Structure formats: structure tokens, C-alpha cells
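These are the structures in question, set out in turn.
Shared chain: subunit A. Partners: subunit B in the first complex, subunit C in the second.
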Partner chain A sequence: MSLSRRFLLRGMTHSSLAVMSLPFLDCFLNENGTALAATGKPIPTRFGTYFWGCGLTKALFMPASVGANYQDTPQLASLKPFKGKMNLLTGFRAFVDEKPNIQHWSGNAAIATGNAPANDREFAGETLDMTIAGAIAKGSRYKSIEVACSGNRNESFSSLGGRNTNPPEVSPIGLYNRLFGAGFQDPSNADWKPDPHVMLQQSVLSVVTEDRQKLMASVGAADKARLEQYFTSVRELEQGLAAELSRPEMIADVKIPASPEEMIVNKAVPNLLKVTPIMARLLAIGLATNQTRVFNMSFCEPASTMYQPGDSYPFHQATHEEPVDEALGYQPITSKFSEYCMQGLASVLAELDGIREGDGTLLDHSLLLAYTDTSNAKLHAIDGIPMVLAGGANGKIKTGLHVAGGGTTVSRVGLTVQQAMGFLLDSWGTQSNQTNRPISEIVI
Partner chain B sequence: MRKKFVISGLLAGAVLAAMGGLVLAQDTSGQERLAGMRRLSEGEYRNTIRDIFGASITVQGRFEPERRIAGLLASSTTLLSITPSGLDGYLRIGDSIAAQVVDEKNRPRTVPCTPRAAKAADSACAAEALSQFGLALFRRPLTAEELKIRVALADKIAADTGNFHNGLRYALSSLLASPDFLFRKERAVPVDGGKSWTLEPYSRATRLSYLLWHSTPDVALLAAAASGELATEAGVAKQVDRLMASPRLEKGMEAFYSDYLELDRGGDISKDATIYPKYNDAVAQGARNETMRVMLELTLRQKGDFRDLMTTRKTYINRALAPIYGVPFNFDGEWMPHEFSEKDGRSGLLTHISTLSLFSHPGRSSPTNRGVAVVDILMCQPIPQPPGDIDFSLINDASNPKLKTVRQRLSAHATEKTCASCHNRSDPIGLSLEHFDSIGAWRDLDNGEKIDATATLGGQSFDGAVGLGKVLRDNPRFPQCFARKMFAYGTGGNTIAVTPNTYNSFLNTFINDGYRVPGLIRAVATSPQFFQVPAPVSVQASNQKT
Partner chain C sequence: MRIIFVSVGLIGLAFATTPASAVPWVRGYVVDAYEPAFYFGGKLSQDDLGTDCPKGAVPDNDYAKILKTSWRSDAEVKKLMTPVEGREPGGIMAPGLSYRGFRPDIETYINPFAAPDPGFQQVTGKIAEGFNLDNNPRTGFSGTKGEAGIDNNFYRVMGCTLTYRGAPWKGYLSERSTDKMVDGHYTMVIRVSGNQDPMNDADVVVEVGYSPDQMVKDPMGKVTPDYSYRLAKSAQFTKLKARIRGGVIETEQKDIRMPEFSWAESNRGEALFQKGKMRLTMNNDGTLLGMAGGYRDWREIYGRDTFNIPSGGPTRETFYHQNQIGMFYALRRNADGIPDATTGQNTGISTAYRIRALPAFVVDPRQPVVIDQQAGERPYQERDAFMRALTTRTLQAPPPSGSGGGGYYRSTTPAPAPVPGQASKSTGATAVR
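Up next is the complex of A and B:
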């Protein structure tokens, strides 16, 4: 009876355990060398996405000027406190080339992958967050955490490609348990020690991968890809378990909160606006304690059916059926929904900005891409999809600007994001979405 | 005491004995190929664990969701894989199951042997237990290599931690995290000299069991696979009859009906509480339950004519549903049998609270959504998305005095050529259901105007839900679509790709048998096409080379 070398090298007892912190990757360091107050180690850059459905109302959000000190507009009013810590990106276009404009899908899928999708609810490649997580997740417990504020189990826009998406947490309690429930030990505990159960789970995964080669033989291409994805998941879980063997980095001075109370999570606007900041706070503390370095939050889905109690028009329905008010020049009910989406974003930024670490805040050390599926949802338009890029990415991104894309591809945003996250990448996207032009205005 | 240990336990030992050892003769022919993989759904996973280890084992955690493709979640199980975050969930669930299976309380019932010493490794007992767990979980015996490495793991952990059952726990965890458990691997062998391919017996057992029982094969079915009985038509027929005679057939059909009618979505529906204060979780659950009761009663217990689901006025109402139906609830039990009168305007599934509320907006009904659902779900005629770049508000301007009601606004579609081709198929159906609001309660007025529920569809004019029910009942596409969906559900295929070549034989049986569902189930499950698979890709490639 023989076990593989890999299996035996692991060791499985308390005594053989070596506690070792994993170093941060050099490419993700703040150039100024900002150090953690507590440990003297550099602060890592975190990445997040915030998705909302059905775009914005051009008449109400688009500032007249570009660059710094752009005008305040009504639909972005809630973001005003963070104006200096974010960039507003407008006028970028998702190209679909010979593919159809799949309504409420092509735009956001192209932003996320640099590639227009061929089919509804399918990604033509890995989403941006997964690419980034693949490089920076090492040393944290979870590769990424997904959250759907409306409670919809299918609402996730994070994918390794194809139809699979990473399932989201759909309630504050669920998110709390994932981050701080079973398996989590408060890093500030004086007697912190690794849980032997983690090592045993490593050996479980080791056994699972033993059969890999045999499984891969005589498999058709499609199923082979599915098995590859499974084994990729195994590898990533192994990395997460490895990280659990060392005391989590307390990057900021945060306290682990008590579990949130049970609450209604659905598509009613008041509930969404109540749940979102709670989810955001938990995520922020999760980032600050290095449970994860990447998160994806969805406020509402493409073609969102969020509704305001008492009003029979849900959001998506309103975008199509509500007439433009001639006097105002826009759809009043629809535009109100878009405003709620921006309030949700503002609450996320507030939570990230509320955690101090090193010489700044968690927001300063993060990069958050907020994006949507359309520009004018009524027409399913995918040119000029509004985006917000918030946070300074540890000094890699200049903020406070309104940048107009002038009809250039949305992939420029993804390329810029990856470069800011430390990737040596000079081109991103396919076909007409391929670009080698980062948004130079905001790159430091 | 191992009585409740349904699959493993002593009987699984018998299966293994019948096969002459622990090792599967997996490649005796040398021609077996992996033809497909289906990810276990949450329901399948839960039932599988319950049937293998007993109902006292709790399964708690986060499962990866399926996606509906051409009307069925089941069709996505052949396409989806497992994400990092999903595997994290499965690992936790599996570990919690393994811990419960070996704990002192359950051990006498779930672990088939007692180690020589509880604080040390015992390879023989670990091998016995793991080969039985493996057979049940992988739906085939483990290979020698698969067993060996798990016994080694169990022994090492047992020795290191001084606890035999601790070792067994993690070895069992490795079975539960394996792709051979989380995916139903379907393996095929060539027939007629490679002209076509069919599933080998264990894969047949699995397909049959998950279709008919929504769970893993039981001991007798695995034995029929081991003996080769399932390789023959007679053997398949015998097992299908046995599975169909069990009360568990209802569990199997309940899962299919839920997927077919999209009842799984009921839990995600939000209704605006300020407009519909009567609607709550109890109503949502009750509505699903009502529909399932009617489906099971009419199709399986009464063995009635399937088409009557469109017209029957008989149903079951509980305390939560009664106020919405406007029916007094005076009944001792939980579910009161009720027959609507002709005047009530109700007609079968079409006017259940479940279906009416599912295909509506949170605060208003939706004739288009309802119409699309009927055509798509019941007739297998999916309606494409509306074209891009259409300004819908031109035809939805409620301030236009000529467009006051939903009907008037939707009628405007008919004048737009690009809209009309699709809306003419969906809207008449939805408009005939306008007497029912977003939660399925009756109403006479919409926006202060009297409701006109007349409609014309394919040259047939009718009035209201009762008229619609009759038209749909007599449409041959209704039973045909149902038969195709049952086949696609069972095989993990796409309904639209189930062509007459495939469905004609069992559809004819269904028709000739008076549209009785048990006859259809049997015809599907015993048909050769149920086990037929395309030549595996690796074989196609090598054929092309030669």
C-alpha cells in the first residue's frame, strides 16, 4: 500500500504542523511602502465588483464636463462624499461584432470578460474578478466571496467561464457564517492555533485528486472542461485551507461583530437598502481580516425586478413601459430606481472607507468596479454603459475624475483594472473589444 | 442493528459477494467510455444521503444552483461544473455528513463492522466499510485503487489521532467530495459493432432510479446491474415495474413535475405586501403544495387523463389559500378537497394560485408573461426575446386615453409588425386570464374598467380561463410536449432536441393508453432510446482518423 509523495509530505498530526505566513506578492505592494501598523507588513490591494441592473438615466447622471471637478448630478448625489475617491467612467462601448445584442446580458458580460457572449447567461471566458483572484487570493481563506443583496440564489456574475457562476451568499446571516462562523478563529485571540481539522481536510482533497489522470482519459472535450473546472476548484480550495493554517493577517484594527439578526431579504427597495450596508460591512471586515481579497456584490440583477412597495411597476418593467415625461425629459419612476442603485453603491463605499488601515482606509487600498448591463435600458443600449471605479488601489489609480470613453471599448476598463492590480498585461479582450489602451487619465 | 441502512449494510455486502469481490470489472470489454456527467441536484443529493445513511443525518449547507435550459433545470446538470465556492460548500456538507455517520449514536446502524480496537487502525474493517459506502455513493463498486488509497487515509488518520472512526470519517469525506459522487457519471458501451452506443448496466440503474425515485439506486437495482440483468430488455422492464410499484414513484414524479411547471421558482417570488397583504410565505408554499397534490392525484393515484389537468375544477385548499380563492375553510384536516363550481371561472392548473402568481409582476398581473409561460412550458414553443432597440413606451403610454387597460395597450402590439409575430401567440392566452390578479384572486375590474377576457387563438375564439382550458386540453402539442420533457428530464438532454424519431414510440403509447401518465413513464423508461447515447467524442475522433 503506497501513498503518493504529495500525500505524505502534507503530514497530518499536530506535531508536524509548521506555522508559516505567506508573503504578499511584490507586485501587489503599495509603491510608497505603506506598512501595517500592527505587523509592519505592506498592505495588500483588494478587488471588488458591484453590479446593478438597467443602467442610469443620462439626463440625471451625466456631468457636462470631463476631468476633475466635474458637476454634481442628481442621480449621483449619494456618491458625492466619495467623489474624490472614485472615477466616473462614461461613453465606453461594448461591441458585439457578429453576435447578437443579448438583452440585459451582452453589455455586462463584455465588461466582465472583454468578450461579447454568444449565448444568454453565458460568459465567453473567465470574469475579471476570477482572473484577479487567481493571482492575489493566495494566503487568504477564500478565493472570492459573492453576495446577492436581493436574496436571489442565481444572481452572481462571477464565473470561470460558461454557464457556471460562483453561488452567492443571499442573506447577512449566511454571509456572516461563511466569513466568521464555523472554521473561523478570531485572529486577535491570544491562544490562536490552527485547527487540526483543516489538515485532515487537506488530506481528503489530496485523495480526491489522486484519480485525476485516470478520470481525464477517455473523456469528451466538453466533459473534460467540466472536470478541469472541478479540479481547479479543488486546487483553489487547497490554497484556502493552506491559508487557514496560519493566523489571519489583522490588516486593520477591526472587531469581529456579533451575528446579524434574521431579516427579510427580497427585491423590495427598503429591504435592499437595509440589507446592502450590512452585507457591505461584513465584507469589509472580511477583507480587513484577510478572509478574502476579492468580492462580488450584486445589488439587483440585469432586467431587475426590484420594486417599491405600493407601486405596481417593477424596475425593468418601468424602463420599458413608463413613458418619458415630456416636461422632465426622462422617466421619473425608472430614474428613481437607478438612484436607489447608486445609494446601494454609496453604502458599500462608506463601509470600505470606514475602516482605517495603515495611513488610509480600506477603500484607499482597494479597487472597486461598479458596472451595469445597459446604458439606456429602455432601448437595451450597450454604448455608453456607465461605470464607477472607486478606490485608489494602493496608490495605483488617480481618482476624482470623470473620464469619457468616446465610444472606445469597455475592455479598456478591464485592462486598466488588471494593470492597477499589478498584472503585466498589455492587451485584453477579443475582436472589437480587444484593446491595448488603458485609461491613461487615471493610471498613476 | 443495521435494518435502516438501506443500500450499504449487509445487503450491499451481498451485492459485492455476487460480483465475486470488491473490484469492479469496469473495463472488461475494454470499450467502455464516459458518455456524460450529470451534476447531482440539491434534491437528488439530499435524497441520496437520506436513502444511504438514514433520515437522521442532517444535510445542511450551500448547494450550487441549476439553470433552467429549454424549460428544465435537469437539462443544465449535463452542462454545469463545480465552482471553487460551490466545492467549498460540498466539502463542508460532506464533512458534516461523514462526522454524523461515524458518530457514536449512528455508528451501530451505519458502519457495517466493529474495529478490533477503537483507538487504532483496522484495515480490514475500514475496507469493508469503505467498499460499501463507495458502492452506494459512486453507484458502482470502487476500483481497487480507489479503495486502497482511502483505506490508507483511514489507517493513517486512525493511527495518528488514535481513533478508528476518525479515520473512517475523513475517508468517507473523500468519497463525498469526489467527482464520482457529485457527478452521475454515465458510461457507455458500443452495440451493433459500434453503430450505436448504450449505457452500461450501472449507468442504466442510475438513470432509472433518479427518474423514477429522484434518488440513488437501491440494493436490488445495483444487484440487477451487477448481474447484467439491466443489460437486457426484459431485465430493464422487470426493474422498471418494481420501481414503479413503489410509493417512492410519487417522489420521483414530484421532482419532475416541479421542474416541468417551474414550481421551484415559487420561493423566489416577491409580492408587494402593500397591494397584496394576503400573500406571504405560507401562501407561496401552500400554492406549490396544492398544485403538486392535484398533479399526483390526477396522474398517478386516479390514473386519469393527463389532459384534464387543463380543465379539472377539483383541487385541495388549505387555510392559507382559502381567503385568496374566496372559499370558506371549514375542514378538520390540513387540506380540504374542493371542487369549484362552473361559475367560479377556474380551469385546472391554469388558475391555480401557484401558476397565476408565478407569471405576474410583484404588483400587477402580466398577460404577456402568462401567455409566454403557457406556450413555452406547456407547448414546448419557446418565444424569442423581443428585438433590441424598440421603444416600448410608445405602446405602453397609459396617459393615452385610447390605451387605458392592459388589453388596449397590448393590442397596440398587433399593429407593430415586429411585435405582432410573437405577441399574437402569447397575449391572447394571457388576456383570457385577466380575471385573476397577481396572486390569483378573482377580479371583475382592471383600472376601473370591466375586464374583457375573450380571445382568439389559431382561429379558435374563447372566453376566459375556462375557454382557454378547453382549447389547450385538446391541443395535441400539450401531451406531446409533456412526453418530450419527461424524456429530456430523465436523460439530461434539451427538450427542443427531443425529435419525433425519439419520442414517437412512447408518445403513441401515451395516446393509445388514454393519456395515462404511468403508461408514459413505463414507455419512456423501457425504451431503448432512454439509454442510447451518441458515440463518445474520443471514439468519433478515432473513427474519423481511420
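Up next is the complex of A and C:
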């Protein structure tokens, strides 16, 4: 008997056709559990970013050794369960060359684009996630999903370049509705059928194609460039709609949860730590049900104003105002905030790792880059910005290592990520951030 | 035995006058740490009590007190101090902190004289680092080795502030500035050349200035010695005569133009040390350690500290506990040199800065190189307005809103409405009353 993941049990009862879907079975996969047996397509690799502000505390996070079995450190304690599924990247440098060192921006923007920005809150090019989404998003409903756990609508670090950023979902309910609200059909539903509204939208876009082409031929170069950017968005919309007209290729065993309840979403630490796992769970299910293959989550912004209720120091202010306790060798209040940021990251990894998919987990089939804006926020240092690269990228990345960059450019991380995501790319970044050296220690 | 002693003496004399010591020599250095020379009387931490500052570092401001004016009600003060979720106090209070003069429409970072002097917690210790700039042993501090007449009133004013205070190379702004410098913010080089023994030479030239070349760092993030750097003979370049005794270089006293101690793009630029001096020691390990000092225009020091992106006045006051109005008056009060030809008021305040440098090859560029200096953005406009206010004795309006940078807490909201019956100066200048 030939089974596919869309196989339905059928039968007649009381003169009516009865159908019943099957749970996700190993037999839907190939012998190794690495590809869909019916189509031979490999399990897709998903990509995500996790951003947090104000770096980490070197005295509390930096392991003394590199390579495998590196020391556990206090600030990374929450990540310990995932130590074997992630790499800790330290000692990479964001070069600014002749551009100004824009505090709380140059570092993360250089990591995201391979280019040092010239202006505050501007990206000197497309961010890594957008490049990747452009290649892997086909077939999913959304090119990417952005999430700001603090509820801050300006907190998105996903961009096609310049000052524009992709607007984030700022509440669990908002994210739920985006992923599973109007227009969503559970791929595992037996009676899945294309939404007539979507069909209508697609047909509307199709009929203007001829006019679009005429318009492009009749305008000048500048307008042509603007229209091209606009139509790119339209084409992405078309692709998204097309994806909605066919049943998503869901390969994980997940259930669509009920809508989350209303909750306070703000920068207070208890709320951040409550909201982030919920957002992470929704994102993970969104990935598993192929609503998107790329996500960007921000736990807190650069120069974060995350705060502990009742405490007069917000995070960023603490980084500057709190004296270093010379006996301890670090700033105690500041370092606690960094610990919360790692707890947020741990909750994302837990959700990704909690979903079984074939031979592994969603985390094994994903690649998540967690990064920040500074190394030592007190100094706005951008040399040695800590990063975490989690997930195996479907067997493309070796994990469990601490890699020290030795002052080489942060672009090596972006280049490695893109190569792991299947890009045939020799070099990435510009000026001193240009590199043709992926992180060979973790590349398989 | 006597004959032998005589022989040894003759040999020693022969070495002292050997022709080999007359060979021209050059040593180059790249500066890898640069900070105000503020003697630290505490033990470890910047907020320790110490001989320099018996009360420790300057505590946080009493905002209820400094926001209160004759025209601002207690309720308005309370509102300005009410925390807003997700915002820093500096941002919330910026509109209030920027306007605390005798009239509600006066921007008081630009016109600080329009607000009363709140006082400033200064250094009360007797020891300082620096130079005897006025050649008067009866004025100033005692040096760390008991020297008399050390002039460093910049230290006297700012030495207890949270961001400047600390053990050598450990002060907050010191670490921040040095981190930026070695990461490419700017490069400072020094070239020392002579004609005799490098350790004892009476005919020495010291050149100091910017280099357009960024420093090279090793995998551990330290600056790598022995790289080549071009010396930009731009406006921030100075050539000084000097002499060396036992490896210690002492320059002539002369105006020195060299790079500014800077932690952000908008306070980078030239530092002019009037009647300046440098004292630098060439260490056996090849490094150079010492100081540059001189009288600096206290108004420029106030301007760069108060008007910069991203840590302008409200940030200086709320993050770093400085009272900028108090700082203005304290700098003016402690100005101790360079009297204005017309008013006789001192425009200079004695300063000293520590310098640490690594061996490098400092070379002349084939083509003249220019070090860019930003201008035109809001901090520069504000500094200009402040200087106009002081020199013309007229109140100046702040530059238009929106010319600041990200994270720059300034009064971007319109100025409060003028009190009825009093003249508005929403455009242009108004005479000080």
C-alpha cells in the first residue's frame, strides 16, 4: 500500500463518504527520516534570528577554553540543555572602517548585513534573514515573520535595506492571528481546500500583469527602480497567495493551539519572560506547519530599556550608570539583565527542540542566529560581540563548540550561515567586513 | 690600583663622547590609551571614598530640586519625574532639564548662565598629576612625587564625577574612549627624533598628530606594535622642541594642537593645549608613557561634554550624575589661565592627559592627508549657539528640532510657552537681562 502524508482513510457510512487524516508517520519520510518519501524533497531548513540588546558580561559568559566541552558559565546556564545543539561564537569583530562607530547600532547592523552602517538606525543593505527568505520562502505562506517580545512596534531588525524594517508582531494574540487566524487552514485538516478569497486575490493580481509590463516600459530609470521594488513586493504577495492555494507541506506532529489569552506585553522583565516562550511556541508551530520558514525575534532592543519593576535602572541605563564592582569584576545589576536575555533565547530553543520532525527536531532542521549590538555595553564595544548559532541546519552545521573568532570579521558568521542554508556563496560583506572565510570549525 | 682606576675613568669619558651617539635617530609610536590625568585617591572602585574625593563620586542629582524653577510648579516637576514604561529618565526629563532658567523659554544648556549656580562637588585632595604651567610653585596641587605647583584645575572640577573618576586607565570615559579609539574612531601618533643618544639628547623634536590609518589589533583585541602609520600634518599636528634625560622627554612650552580625548563622533576633533607641555618616558620595553597638558578653553570642554551624540546634557545629568549647569559655573570659576584680552577673564583651564603608546613606524604621507571633522549636525550648532551666547551676552535659541541623532536626549519638544508679559525669543537672540 502506498502511503503519502496526504493519504486519507476513506469509507462509506450512512451513505456518506467519511475521511480521516493520519497522524504524521515515519513512513511518510525516507528511510533516514531526512526527506519526504512521497516527493523525495528534503525536510526544509528553517532560519531564524534572535536579537537581544546590550551584549553579555564577559566575566560571566566567556568560557576559558574553545572547542568542544567548553566550560559552563553562569550567564549561559539557561542554555546548558542545548549546549550540544548550539555553537558559542566569540571574538569576532565588526569593522567600521571610515564610518562612524554608531553606538548600539554599528555592531548588530554589521552582523546582519556584512556592512557597517553609515547612519543610525539604517541598514547598509538587505539583512541576512531577507536574503535567506528570498531563497527559501517559496511554498510557505509568509516570507518571514517578525516578532517583538517587548511589544515595541519599532523593534525589528529585518530589513530590505535603509531605514525600512519589516513590522513585527507585538503580542501573542497578534502573532497567533497572523499565523493561525483568518486565512489559515490547518494543513492536517481532511477537508482542506483553497480559500476562494485567496483565489480571487490571485486572479486580480494576474490580470494586471500585462499593464504592469506596459507601465515599466514607459517610465524613467528612477521610477523604474521604484516600481521594481514595489512589484517585487507584489510578486512576493503572489507567491504567498499561491502557497495558500495548495496544502502546506506539514511534516511535524503538531497541533494548532488555541488562541493565547490577552496579556500585558511590555519591557518589564517578568512580562518579557512570560511572553517570549509563548511567542516562541507559536513561531515554532508556524515553522512546523510551513506558514513561514524564516523568523526574526527581538527579545529587547539595542540600548534596551527592559526593566525590573520597582528598580530604578532600566537595562541600558544600568550599563552606564552602575559602577563595576571591582571585587566581583563586573556590574551586578547589568549582568542580571543579560541573564534574562539568555533565558529568552533558551525558551526559543526549547520550543524548536520540542517539536519532533522525522529523524530529529525542528531545531535540528533549523539554523538560528542569536546576536546582539555590543560586547561590553558600558563601553559600546563592538569587538567580540557574542553570538550563538543554534541548530544543525539539517546536518550542515556541527554543534557543541565554542569558536573564538580571533578578531576576524563578524561577516564570517553571516557567510557561514548562508552557506549552511545552501547558498553558493564564496564571499560576503564589504570593506574590512568582506570575507571569504566561513567558520570552518562548524561547517560540515 | 690607582693606575687602573684612572684608566677606567678615561674609558668612561671616552664612551660619553663617542661619535656614535651623534647619529640621527627616530622613534615612532601609536597611542593605544589616552585619558585625562586624574589622580585617583580611592582604592579600587570609581565610587570609593578617597583622599581625592572624601565623599566619593558625585551622587545622582536631586531632580526635584534642579527641575524646580520660579515658573515651574511642583506638579509639573512631579510629572517630569514620573517614570514612563520603556523610557529612560533622561528621555523623560530632557524637556525639563533643558529649560530651567529664570524664564521658561530659555534653553539652559545653551544659556547656562540663565540658571543659578547649583554648586559642584569638586576634588578637595591636595595631590594631582600634570605640569607647573604657570611656572609658579605656589599655585596648584602637589605632584605625586612631591613636586610643587602642579596646575590641573580641570581635574579639580571633574575629578569626582562618576565618568571621569577611577584608577589609571579604569575610569569609565577613559575605557570607553580608548575602546573607540583603538577600534577605529581615530588614531594618534607620536614621532620623536634626535641627533645624539636616544636616551640623552638635548636636540630632540617631538611631533604629535592624527594618522588616517586605523590601528591594527591582534586576535586578543590588543593593538599590535610595529605597524606603519602616516602622520597627518593637518591642523591637529604639532612639532615641539624637546630634550631627553635618562629616557624622559621634556618638550618646550608651546601651544599644542593634537587629537581630542573623544568617545563619540561628535566630540572628536582638535584639542588645543595653550602653553602646552609634554613629558614622555621611553620605557625599556619599547613603549612610551607620559602626559600632555596645557590650558584648554573651558568653554570648549563644557561644549563637547554637553553637546554630543549620543550622550548630551540630559544623558550626562541622568546617567552620569553630572549637573551641567554646575559644571559650567565650576569650569568658569576654576579657569586659571589665558585671560581674555578685553575682559581679563580667564578662558583657559589647566589640564593634563595621560598618554600610553606602542612602538610603530610613523611615516610622512606621500600626499597630504586631511582628517575629516564633522560639522553642521546638531551638537555643533548647539556649541556654536552656546559660544555666541557667552561671547555676545545674548540668549540664544536652540537649533531646530530634529537635527539630533538616535538616542540623543535633547529638548525636541517646543520650548514652553513664555510667561505672559515677557518677550518671546523663539527666533534669534534676546539680550540677557
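Methods note: the second predicted complex is superposed on the first by the 382 of 444 C-alpha atoms of A that agree within 3 Å, B and C clash if a C-alpha of one lies under 4 Å from a C-alpha of the other, contacts with A are read in each partner's own complex, and residues count from 1 in each chain.
Note that in this section a contact is a pair of C-beta atoms (placed from the backbone, for glycine too) under 8 Å apart; a residue touches a chain by one contact, two chains touch by 3 or more.
As the structure is a prediction and not an experimental result, all values here were calculated from the model.
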Item checked: Greater residue coverage of subunit A in the superposed arrangement, subunit B or subunit C -> B
Note to self: If we overlay the two complexes on their shared chain A, which of subunit B and subunit C does A:68 touch? Say first, second, both or neither.
What the structure shows: neither
Notebook entry, point to check: Given the touch rule stated above, what does A:215 touch, subunit B (first), subunit C (second), both, or neither?
Noted result: first
Margin query: Contact-wise, after the overlay, does A:327 reach subunit B, subunit C, both or neither (first, second, both, neither)?
Written below: second
Next item on the list: Figure out whether A:266 sits in contact with subunit B (first) or subunit C (second), or with both, or with neither.
Entry: both
Next item on the list: Check whether A:317 is in contact with subunit B, with subunit C, with both or with neither, and answer first, second, both or neither.
Entry: both
Note to self: Contacts for A:406 in the overlay, against subunit B (first) and subunit C (second): which applies, first, second, both or neither?
What the structure shows: second
Check: Is A:121 touching the first partner subunit B, the second partner subunit C, both, or neither of them?
Finding: both
Notebook entry, point to check: Where does A:379 make contact in the superposed view: on subunit B (first), on subunit C (second), on both, or on neither?
Noted result: both
Next item on the list: Have a look at where A:103 lands relative to subunit B and subunit C in the superposition and call it first, second, both or neither.
Entry: both
Note to self: Let me check the overlay on chain A: which residues of subunit A are in contact with subunit B and also with subunit C?
What the structure shows: 101-103, 120-121, 152, 266-268, 305, 307, 312, 314, 317, 320-321, 323-324, 378-381
Notebook entry, point to check: Which of the residues in subunit B come into contact with subunit A in the complex?
Noted result: 33-37, 62-65, 67, 76, 79-89, 91-92, 95, 145-146, 148-153, 156-157, 160-161, 170-171, 173-174, 177-180, 182-183, 268, 270, 272-275, 361-364, 385-386, 388-393, 396-399, 536-538
Notebook entry, point to check: If you look only at subunit A, which of its residues touch subunit B in the complex?
Noted result: 1-3, 7, 12-13, 101-103, 120-121, 142-146, 151-154, 159-160, 162-167, 169, 174, 182, 200-201, 203-205, 207-208, 210-211, 214-215, 218-223, 225-227, 229-230, 232-234, 236-237, 240, 266-268, 305, 307, 309-314, 317, 320-324, 331, 378-381
Item checked: Touch list for subunit C against partner subunit A, complex -> 44-47, 57, 85-90, 162, 172, 175-176, 179-180, 183-185, 214, 217-221, 264-265, 310, 318-321, 405-407
Checklist line | Contact footprint of subunit C on subunit A as seen in their complex | finding: 91, 93, 95-97, 100-105, 120-121, 150, 152, 266-268, 303, 305, 307, 312, 314, 316-317, 320-321, 323-327, 376, 378-384, 404, 406-407
